[in-house]
Every structure is written in structure tokens, then in C-alpha cells.
Amino acid sequence: MPANRDVALVAREVLEGAYVLLTFRHPEVAREARAGQFVMIKAGTSADPPLRRPFSILAVDPERETFSLFLKAVGAGSRALADLPPGGAAQCVGPLGRPFEPPSDGSEALMVAGGYGIAPFLLFVRELRRAGRTGRVFYGGRTVADLQVREPFTALGVSLVPATEDGSLGHRGRVTAPLEEYLDGGPGPATLYACGPDAMMRAVARVAERRGLPAQVSLDPWMGCGVGTCLGCVVRIQRPDEPQAKYRCACTEGPVFDAATVVWPGEAASLARRRAVEVKG
Amino acid sequence: MSLAVEIAGVRLKNPLIAASGTFGYGVEYEGLLDLSLLGGIVSKGLYMEPRDGCPTPRIVETPSGLLNAIGLQGVGAPAFVRDVLPRLARYDTAVFVNVCGDTVEEYAEVARVLAGAPGVAGLEINISCPNVKKGGMAFGGDPRMTHEVVAAVRKATRLPVIPKLSPNVADVALFARVCEEAGADAVSCINTLLGLVVDVEARRPKLAFGTGGLSGPAIRPVAVRMAWQAARAVKIPVIGIGGVSSAQDALEFLIVGCRAVQIGTANFVEPGVYARVLAGLEDYLGRHGLDDVNAVVGTLRFPGEGAEAGSEG
Amino acid sequence: MSLAVEIAGVRLKNPLIAASGTFGYGVEYEGLLDLSLLGGIVSKGLYMEPRDGCPTPRIVETPSGLLNAIGLQGVGAPAFVRDVLPRLARYDTAVFVNVCGDTVEEYAEVARVLAGAPGVAGLEINISCPNVKKGGMAFGGDPRMTHEVVAAVRKATRLPVIPKLSPNVADVALFARVCEEAGADAVSCINTLLGLVVDVEARRPKLAFGTGGLSGPAIRPVAVRMAWQAARAVKIPVIGIGGVSSAQDALEFLIVGCRAVQIGTANFVEPGVYARVLAGLEDYLGRHGLDDVNAVVGTLRFPGEGAEAGSEG
Amino acid sequence: MPANRDVALVAREVLEGAYVLLTFRHPEVAREARAGQFVMIKAGTSADPPLRRPFSILAVDPERETFSLFLKAVGAGSRALADLPPGGAAQCVGPLGRPFEPPSDGSEALMVAGGYGIAPFLLFVRELRRAGRTGRVFYGGRTVADLQVREPFTALGVSLVPATEDGSLGHRGRVTAPLEEYLDGGPGPATLYACGPDAMMRAVARVAERRGLPAQVSLDPWMGCGVGTCLGCVVRIQRPDEPQAKYRCACTEGPVFDAATVVWPGEAASLARRRAVEVKG
């Protein structure tokens, strides 16, 4: 059950490129969080900006009752969090949202992360491992500074394939290239998981569609409340049994959706195409 | 210490009500907070039919405020009665329904559907809906249309009728009086202020719909002023709304003459807001040696005036 | 790259003007910033006689806003002409004077005093002053009184006449049209929103005067909406005002159709605001491949409409 | 000439009781500040709260181009400053306002400070010393935690007489008691200077009036702009040559005023009384 709490910043590690690792004490999040879930959090009590912000739960420590975020300061809300002094106060509710679903038996989890989109996959890798499953991470960004959460994966023995647009680390170019390369190598059955910029998630969804693979994407629309009441976060989703797409709250029915049900902005809803995928997936 | 208040014959265990459109149908908060903490809940706006709502973006933040154009996405009155009301019956809180309409007839029809349903404490009439027969002008911007809508709902039901005043008028007191004359049992004051935020890079409105309604702490001084004006103008109770997120904010509305207070945007910011505000109210009453929240209602001493009429409570 | 704009025949080197009552008489900022940076300055409101203003507290902060009841403390028009205008003559900026009156006659009288003085670029008519003959109701809240004041000033002077619209009305476009018909050369839009903040411990208004005028970032979405409505309603130029503190904010007003923008409360927050906003405007024009700020005026694409009429610049 | 600057927090020392010492880089303030002057300063750029806050300049270091504040976190504005992380950004204009005037020749400066009202006196003591003059500080507060700026004075050889209401340091009771005691001892000519809570400043003004001593008080009304344009900070002042009191900006004509010209709130303006004082003073 999600819980709302005033939380204190327990630890803060400033990384390169406006990234920061923040750890807060929040027993319910620490105990219950599942991969793909998020918190709504806000530093202090100033009314400008007024709202909390959604961040994926990167890691939890149930014993210390803490959770951690991997956060990029991009605007006023994230900057206020990134600038919190140790001990500083935040308001936080979580864990929220629908988590990633594990791949069906025998299917390998191929995780594709862009920038801070790596965040939900650390918990996911641990969940997979607890279930005795395996996975592989494709991690993309503009430059090496966008790929800062690598050790925790390799420490768990998960293979992590980096890709940067400027070639500063790993494959030069889009992260979908090494993904396709891997799939071309003819591995066993696979399930795709994507979290990152919209364009990347669409690309992964297309790969999945083309290859007839199931895929889950973690969307990040703007969110006002995180609990299904502001109706600001709605995305168009069309389930196979539905005659047309419906607005659904990304905060409660997502953020993780079956990629085949997502009506991407600007794309005509091709139900037939999606149906076909559903049938195969 | 008593926090109970009475609005239009409905007893609320405390003066805090969740504002329409900011608390879903209430059930969304089931896991997060105890709904029985609340004096009341106003459902989001309901037409007869389900509605899809506006395209996105639907909400944009502004300095200390929120601009929204949700477009009244909702399940429609009949589905609300069927699916939601039974779930709310478990909680000890008054359930008000926010009634919408494209036409005067639709308002009355929604009111009739709800009048027959168990568990509805009263109807809040959202007169800020666009009037489709009059080219989309809001009912609540015109005294005659306001009267017509309120009178039609009044005729359709014996439930308490509570029109919700629009702030986009020159003289909110006039509209409060019109509602009182049309048979309203109370008024809610205020709905959102009409606003526009421009995406300067794209040179379009940031909201897909264009303009939107401004809410949140930013509007509180305007809302308190209007609630004060409305409370001086009518004998029926006024429910204050606009930017409340603390006990102090709620007290501002009570002191200027409101019997109860709605909390809107703050639900998004802080799901636990009710417990905090209630604790703050109790602390205030204690510090001021009062044992009944009604004792603060209408106690504003305005410069050059005597104290406003005290409460009857 | 040209930032120059023209308002009512007055050429401004850039579209940024200091708003009345927030920049003193300009000379207060002499040591702190180069007044020649500004497109223009509007003096604080002047009646004929010097005024003491309201008791304190006169200002209270609100979420992202400021509520004030200064009471138009000032030196009066004759002293302004004698003592201040000569000092402002040194700077390359357009000096507008904010004209107040207790009666229609006083507005005209102040206008005449200023019409005869060198160095006045135009008169901004503060129609939000309370009308002492009508029990203190603001001139600007009534279309007939608005027309009367503007027409009287129009008759009294050949200087550009720029009424400043009140936001405390239902239909700001109507008032813009009334001003245009009465002979105004431009309109400023908007003045402050009427608000009330309560000191809950004392159960009195926080401002000694009672109510006050709300300004600052909090009101920007309302101000942009009203400026957009006014700009669509009239042919004369509209000067946008309300919560501007960045180039983006100023661009919102320009894009919805304003020819120039006033900066008010931000002067208090940041004396260096003009240089920063100007740099931001230049950066924006550069990034958008534009070499004239007039090219953005009125370029808003509103959903369901074509682009607003482009600029003539 | 005051200057407006974006400044960075150079040093931060958290003291007991919500007090903090903050040091910022601002060449003009560091070079030009005089005792009794202040800065208007705001942490970050959030619009809530919107305005800057006035703080007395405690100390300057012209070589490092820094100045320091002694700040008590009481509300949102001061708390945001107190919570700035090192390197954090603030907006600051200064030095502003009318400084203390040195005592006339042969007159001893008796400084009476309450709580953070000590701030302007450290610069004042240095100014006096540069002019070869002496002074004496009476420093009051509720408890010892309110009296944290003592060493810098004693290090300069200035005698500092503490007084606390709870008796935790120095004289138990009001700070005006040791002041009166000292004056009763019949020192030479003296000029009183007061900065602190209103009630304390009024008490000092009354002592001065009763004893016919000149006095300067540093008022702290609410200030919106600090530069004379918001007209929010006005106080009623009646100069000897004026038939009645006038609203004057505390930010530009003050914050330091001749105590005899101040019309204290709630007190009938007794021009005659004040005139009498003026004549003697």
C-alpha cells in the first residue's frame, strides 16, 4: 500500500552532468517497491513550483528503510531536490504505479534504458535474479556522463551493453542498434523492456512489433498527482478487445504498458497491427 | 472541541471538503487516506454521458498555481450511481455530486438521476460549464442563465442545491444573490480563474485546449476576497474554495464568513493534507480558547467596520 | 536585430516599460541601473495634490504574489513636473505618467498639468482609482465611467492617452473597446486583481486598508488571457502587464498580441531585471531567426483558429 | 554605490538556535558597506516567497570580496537562505540604507543589541576603532543561544555586557538594566545606539529621552524592495522642524533614525517631548 510521508534526505551523491543519487527514509517504499514503480516527491514546502515530481525507484534498502533515486536536474522541481542539503526535508508518496511484469517462462528479459531510464531496471534485475531468471541491459545516452549507473549491474553479473551517440562509451549511435544486433544473433525467446526518451521507446516498440516480441514500456508523461485524480497524465491506450483507444492514467494504469497497446502521439492507431502483435506476443 | 458544521441541512463532521475534479470519485484515495477523516467529498463533474475529456497537455504548472483544461473527463451520472456510490457508502463522509450540463435540461436530468440514488448528500451545480446553445459561453457568467440553471435543478430535486460561483465576473455578490433567489441552499465560491499560458517556443497555448482554469495557492487572495463578498451578500451558507493547503488558509475563509472550505489542488500536492489541516484547526481553536469551529465563522474585523455577523453555531 | 516598438506614435527602443507604482519616479533606481536601458518608465500614480498613502502594513506577500494597498502615496502632479521631470530628462527613455483622480475633473486637470510639461511621452490613465462621487467604486469597473474619464482626458491633452484596464471585470475586451471608442491611443492591461489576505491570529485583514491589489507571477496566466482578449478586441496597441520577470514571460504577452510589456513587481525582486530580460529577448529572436521583435507580436496559434493577425512592424 | 549581483555562498556555519553565519562574494558590499547598512537577498529563484529579505551586514572582507550575515531562520525566506548548500546561488543587492553616524567628539558609543540586532555593531566597532574611538556593547536575548556573536567583540578589546532573560548568561533580565546601571555610574558623555526588537528599541529611546542623550535606532519594518520604490517599509518620522509626522522609507532614509524623531506605533506623536530631547541632545 503506498504511503505519504515527510522524508529526510539520508545520503546524497553528486554525479557528473547534473545527475545526483539521493537516498531517503521511507519504510513502505523500502519494503514494497517493485521494479517500474515510482514515487511522487517534492523538496520543501514552497508553492513554486507547486507540485511533486515523479521519479522511478532505483534501489531500496528494507533494513535501513531507505530508497534511492537517480535524478537528473532539468528544471525547478528536480533542481530543488538535487540541491537539498543532507537532512533536508521532502514530501513523498509511494510506491506508485504498475510495475514491470516478469517475462513468461523461458523468455529472456532484454532491458533497454535511455539516460535516467536506467532507474527502474536495477530493481528489475534483482527481481529477475530472485526468480532465478536472467536479463541483459542495453544502456544508451548522448555521452558517457549519461551512463552512470553501470557498476551495480555488472556487480550483479548482468551483462550491460553501453551505447553513446558521441561514441564516448560502447557502441557509437542509438541503443537500438546493439539490441537489434543481439536479436539478429538469434537468441532464445525474449521480452523487451524499455524506459527512456519517447523516441527510444517508440523505436523499441517497433523492433518488438517487427520481430513479434512482447514488449513493455515505461512511459513518462507529465504527472500532477500520481494517484489517478488530476487526469493530467493520460495516454491513449487501446487494448486488443477495445474498438477504440481510451485515455488512461499513466500513474495508475501505468507507467508500464504493453507496448502494443500504446497509441503513440501523432501515430494513427493501427489496431489491426497491434492485434497481430498481441496474438503473436 | 467541536469541528462539526452544518451546510444546507447537512451535518459535516468537520468543515473540510474535497473539491470537485481534484479528488476523483473519492475511491482513488482509498488506500492512501481514511476518507472518513473528511467532512465531505465533491465528486468530479458529471454529465449524463461519459466524456473523454480534452487532449493533452491538460495541466500546466504556473507560479504557485495550476492551469487545467481536463474537459470534464468522466463516467457520467448513471455509471457513478451504479459503480461508485456503493463503494463510498462505507465511509462516514458526506458525498456531494458536481452536476454539469450542456443545456439547462441536462442539469435537471443529472439532478434527477442523482436525486433517486442513495448516499448523495447534496448537489453542487457547476455553472461554469459552457452553454452549448449559447455558443459555449459559461452559464455562470450571466445572471439570467445562472438563475435559470439553479431554478431548474431546484425543481428537479429535494436534495440541497449548491451552485458553484465563477470568479470570472465583476461582482460575485450579485451572482450569490441570484443563486439565493433561485432557491439555492448554499453557494460554493470559487471555481477556477480563466487563464492562458503560452509555449513561447511553439507560439501556442501550452494547454491543448487553449485557455484553462487557474487554481492553487496563487488564487487564494482573490478567492478569499470573493468568498468575503459573497458571505456578506447572502444569508445561505458559503463554502470557500481556492488555494487552501493549510489550517491558516482554511481559517481565512472561515473568518471571512464561510461555513466550510473545499480543498482542491492541494490534494495533488499532498494526499495527507486533511489530517494536517484538521490538526492545525484544533490547535488554533485551542490556542484561542474556542471549543467550536463555528465560533470563528464571520469574525473578520474589517477596518472601519464592526465585526461581521457572528456565527449562529 | 531591432527591439524597437511603437506605441501610440511613441517610439520605444525596446518593448520593456517599468510599471506604475513599482519603479517610483525612476530616479530611485539611478544608482542601481542605467535607466536608458528601458524602453520606458511609467511614474507612480499622481493626483493633483500630494498624498500620504495608507497606514501600514501596506504590502503582504502571497504565494508567488504581492498584495498591496499603498494608497497612492505621492508628491502630486505639479511637484513631479517641477522636481522629477528635469532629472529624468538625462535618460534616453520614454517617460509616461500614471494619471489618477478622485473625480473626472481631477483626471483632466492632472492631464493638463502634464500636457504642458516637457519630457512627457504619454499619459497612462489609472481608471482603477476609487470614484469619490460614486461612493468609492472604481471608475474602471463601469463602462460608462470609463468612457467618461478617457474622453475627458482625451479632450484635455494631445499627448497619447493610454487607459490602464482593471482585471476586476467580467469582460475585459468590452472595456478595451470602450476605451478605443473614447479616443484612447493604446490600452495597458492589466492593473492588480482585488484580493484579501486575513491575519488569522488577529482576525483582521493583514493590510491596514483591508483589501489590496494582487500582482506578481501568481497573476500572469490571468493577465496573459486578458491581454489576449483585449488585443483581439481593438486595433489600438495593447501593453501587457502582469507577473513579467523573464524574457519568456514578456514573450507570452507579445505573442498574444501586445506591442510592449510592463514590468512591475519584478522590480522589487530584482533591480537588474531589464538587462536580463533584454538579453533573453535577443537570444530568443536569434534562435528563431527573427531580426525584429515586432515579428512575434500576435503570432499565437490558438487551437481551432488561424494565426492571430500578424504585426504591422 | 549599491550593486545588484547573483552571489554564491562561500561559507556557511550553522550555529545553535536556528542561527547561521553565511558568507557571500560581493565586491561592492565588501568594499563599501558601512555599519548599519544592509543587503536585500534571496536564495534561488523560486517565486514563493517572491521577495528578497533585508539583513544587516555583519562583517566584510574586502580582500576576498566577501561579506557575512548573521541570520536567524524564522520564516520561508530566511530558512531558504539558511538551507543554501555551499556554492548555492542567491540574488543580492547592497549595500543599502543609511548607516549609523559616529558619536560626536568625546561622546562614548553605547551599543544596545537584541538577538540578531548585534549584526550591525561589529562593523560599527571597527569603524569606531579606525577613528580612534571607543565603545561598549550591551547584548541581550532570551537565552545564551541568542548571544552568539561575542568573541569578535572581545577579540577587538571591546567590553561586552551580556544580559539574558533566563539568566543563562550575564545579567538576568532586560538588557536596558545593565545599560541604565552603567549610565547611573556617571560615565562621560554618551550616545546610544540600538538594534533589536521594537520593544527594546523603544526602551532605549526612552532611556535616552529621560537622560537627555542622543540615540540612534535601526528599525526593522517589513521591506519589499530596499530601494525606496515599493513604499511598504514606511515608518512615521517627525523631524524637529516639521509640524507633523511623515511616512518615510526605512530602506532609504533609514534603517537608522534619530530615536527622537521616531513616532512609535500606538504612541501619540509628542513633538514637544521630542523637541525637548532634540534641544538637549
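Note that the chains are named A, B, C and D in the order they appear, and that numbering of residues resets to 1 at the start of each chain.
The rule is short, and it goes like this: a contact is a pair of C-beta atoms (placed from the backbone, for glycine too) under 8 Å apart; a residue touches a chain by one contact, two chains touch by 3 or more.
Owing to the predicted nature of the structure, the values given are computational and were not obtained by experimental measurement.
**Student:** Let me spell it out: compute each chain's centre from its C-alpha atoms, then which one is farthest from chain B's centre?
**Tutor:** When every chain centre is compared against chain B, the largest gap points to D.
**Student:** Once you find the CA centre of chain C and the CA centre of chain D, what distance in Å lies between them?
**Tutor:** 36
**Student:** As a quick test, compute the distance in whole Å between the mean CA positions of chain A and chain D.
**Tutor:** So the centroids are 53 Å from each other.
**Student:** Centroid of chain B to centroid of chain D, CA atoms only: how many Å?
**Tutor:** 48
**Student:** Would you mind listing the residues of chain A that make contact with two or more other chains?
**Tutor:** Correct list: 47-49.
**Student:** So which bits of chain C are touching at least two other chains?
**Tutor:** If we look for residues of chain C contacting two or more partner chains, we find 63-65, 216-218.
**Student:** Could you draw the chains as nodes, link the ones that touch, and say if you get a line, ring, star, complete or other?
**Tutor:** Chain contacts: complete, every pair touches.
**Student:** Help me check something: in the complex, which residues belonging to chain B touch chain A?
**Tutor:** Contact set of chain B toward chain A: 22-24, 28-29, 31-33, 52-53, 56-59, 61, 63-66, 68, 70, 73, 216-218, 245, 265, 267-272.
**Student:** Looking at the complex, which residues from chain A come into contact with chain B?
**Tutor:** The touching residues are 1-4, 42, 47-52, 91, 93, 221-222, 224-225, 227-232, 234-235, 246-247, 252.
**Student:** Enumerate the contact residues on chain A facing chain D in the complex.
**Tutor:** For chain A paired with chain D, touching residues are 45-49, 76, 80, 83, 85, 88.
**Student:** In the complex of these two chains, what residues of chain C are touching chain A?
**Tutor:** 63-64, 217
**Student:** For a test of understanding, state which residues of chain B touch chain C in their complex under the given definition.
**Tutor:** The contact residues of chain B facing chain C are 62-65, 67, 141, 168-170, 193-198, 200, 202-205, 208-212, 214, 216-222, 224-225, 228, 243, 248, 251-252, 255-256, 284, 296, 299-304.
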